[in-house]
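Inspection log for the structure reproduced underneath, given as structure tokens.
Naming follows writing order (A, B, C and D), and every chain is counted from residue 1.
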Amino acid sequence: MFVLVNLKAYDVDPVEIATAARDVAEESGARIGVAPQAAHLPAVADTGVETWAQHVSAVEHGSHTGSTLAEAVADAGASGTLINHSEKRLKLADIDAAMDAAERAGLETCVCANNPDQVGAVAALGPDAVAVEPPELIGGDVSVASADPDIVEDAVAAANAVDDAVAVYCGAGVSTGEDVDAAGDLGAEGVLLASGVAKADDPRAVLEDLVSPL
Amino acid sequence: MFVLVNLKAYDVDPVEIATAARDVAEESGARIGVAPQAAHLPAVADTGVETWAQHVSAVEHGSHTGSTLAEAVADAGASGTLINHSEKRLKLADIDAAMDAAERAGLETCVCANNPDQVGAVAALGPDAVAVEPPELIGGDVSVASADPDIVEDAVAAANAVDDAVAVYCGAGVSTGEDVDAAGDLGAEGVLLASGVAKADDPRAVLEDLVSPL
Amino acid sequence: MFVLVNLKAYDVDPVEIATAARDVAEESGARIGVAPQAAHLPAVADTGVETWAQHVSAVEHGSHTGSTLAEAVADAGASGTLINHSEKRLKLADIDAAMDAAERAGLETCVCANNPDQVGAVAALGPDAVAVEPPELIGGDVSVASADPDIVEDAVAAANAVDDAVAVYCGAGVSTGEDVDAAGDLGAEGVLLASGVAKADDPRAVLEDLVSPL
Amino acid sequence: MFVLVNLKAYDVDPVEIATAARDVAEESGARIGVAPQAAHLPAVADTGVETWAQHVSAVEHGSHTGSTLAEAVADAGASGTLINHSEKRLKLADIDAAMDAAERAGLETCVCANNPDQVGAVAALGPDAVAVEPPELIGGDVSVASADPDIVEDAVAAANAVDDAVAVYCGAGVSTGEDVDAAGDLGAEGVLLASGVAKADDPRAVLEDLVSPL
């Protein structure tokens, strides 16, 4: 299982959370990644934690002021990137081009989708992983694996029907080791979470709990 | 084979072309549709031709000023709609929602895509048809079926691999009956075209040629 | 005072409301316009009511599938158009280009803005009118002229400081003749409203009340 | 005069150019800034050069995955930001909100516009500076101050008519000290440039030439 902590634009210290994540990953042997704002990538990567971008633009080197170039986030220490997060939805053609950009830059890709149909759609583009996150559960208290187990199983089935080399992650409401365990039982190979760690009083303790079943 | 004429925002008389399309369809027995600007839908539908919208918004009834509501284009006489045309690319989640909107309004759907990967992606969402139109060939003089036959065959294969109930159309540079014939030989069940008819000196003659092999 | 009724994407009969608006305008001598979905423009214009588009695209004739061409909405009977409604916000450069498009097509323009600063900004582009509609009051029960009279006066001041030939309209929560009266007292030369008429049990009665002070 | 070098998404070493810019600024006493990709901000700021962001999002702290938070770019060492560059055009309401975000984060703002009308519009929002960059001249060999001096003078007049505290910069095709001089003669207080420095064989020599008249 991969545990990916998305720091969004939260008012948190990215280095503090990254350091905790690095330590818990090292101690437990679990795979934990942290995805900060692009401007915070170098500081997060400097901690040694597995570092992900939250987004890359559908562009190559060139005249693209204000873009988030895949090569720039890779330079800054990212080894993977989210694409099409529900808070940064992209046009289909741009998901395709952003995946190409990530591949050129050597970034692992996880493309997000709202429901199993969309999971099938993005799986057809050949990412490393897809993530299903029902928008109505994001930021809530109940894990997707408890609130809507069918959506996870259906997402796994939809992805496998198209390309069984694509890993499926799930997200929304994940905050405990029990949630991670339940997600794994449904066929997910990773979880995305954000506020559960980023807004916790003790992010390290939450991370330790998250990876305890692994 | 379905021949769908997209009038885009061309400076043409939509009723004149619609009337020609209706007449040629009636005389030949071929299926021909015309897709005008939303504001021209009632006038085009009044001719009796099969009428399509160029786009519908990913919304339901409600506070959506400036949208193109599926129900409104159906009221105005459309029986089908393009979605995600390369000149009106949508976010993946909005393609999904626009298809839901079209279904609620009883509209047939044709979702456009740039390449076979994206054709596979949109086929996973379950439209009635998908259309592959390589952007670099749109508006050109050479038919996609001649310039890049592989892309049509690959699109048919990509769609069938996901859902063999989805018809595949192709477009870009189509302007003759020979082009339509070639597209059919590659597995396409329809063609999209625009300038080939809309900018012709004699649209009726072009339409007659287009349907001559059918 | 100009009373402009925006039908948004409401589930209403646009012709019924347009007919009521036409009758009340004729009986009272007041200026009343109706802005339907683009696909409903011809039917609304056929009633004889002053007909507005909800939006026009920042494009000219050409390859712009799915756009809302100013010339097409003018053909369909519109004599004016909203631009940059808060539910259809545009890029600044596209507001400018949409105004050019409207001018080419002979459409009167009303550019919407959220606050007095933005009213000043759009006034600098030279529209016929600007409309201030605080997003937090749209669709509510309290008229902008009662809930936030300063915003209307500040909008009038901001527009006049830039170009005193630009009329200022206001909107959000307007539903009675008293609201129209209050808006006029604050310097507004028109009101935008939507649900107050469109969702009323008796749209004609609401319209009669709206224009009663004029 | 302020000389702001936009590195866009060019395939260049941002630290090398930043170091040259820092040295030339120190030696000449001229004000030179460098605007890299967000992920490169910390490395560029570490050189000691005045560091600008290319863009900030119209958001506050919160659930905004993939945004470019003003606070994050400030953390990373930026002291100013471009907003609404012609390659990253924003909705009017988002220009307004991005300026608020920049102000909260203590960033100086320069809002870009295509023509004098749009310069007047953005000046009404109260930025520190506006920049006029005719899109058709961007990336070309002829400086805006030579190719279209009227546009610079008209931009200065348009900004002053709205708010004479707003500085006016100009850009497009600027690459020599003569261009900077000509811009200053037309009333500009700064220049934006990109390829003229970033793609030069010897960026330091170009920078030295640029500031030679100052």
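Operating definition for what follows: a contact is a pair of C-beta atoms (placed from the backbone, for glycine too) under 8 Å apart; a residue touches a chain by one contact, two chains touch by 3 or more.
Owing to the predicted nature of the structure, the values given are computational and were not obtained by experimental measurement.
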> If you take the chains that touch chain A and keep only those that also touch chain D, what is left?
Replying inline: none
> How many angstrom lie between the CA centroids of chain A and chain C, rounded to a whole number?
Replying inline: 43
> Can you give the whole-Å distance between the Cα centres of chain A and chain B?
Replying inline: 36
> Roughly how far is chain B from chain C, going centre to centre by Cα mean, in whole Å?
Replying inline: 33
>> I need the residues of chain D touching at least two other chains; which ones are they?
In response: 86
>> Which label fits the chain touch graph of this model best, line, ring, star, complete or other?
In response: ring
> Each pair of chains that touch: what are they?
Replying inline: A-B, A-D, B-C, C-D
>> List the residues on chain B that touch chain A in their complex, please.
In response: 84, 86, 89-96, 113-115, 117-118, 120-126, 158, 161-162
> Tell me, which parts of chain A touch chain D in their complex?
Replying inline: 6, 8-11, 37-43, 53-55, 57, 59-69, 71-73, 75-76, 78, 82, 85-88, 138-139, 194-195
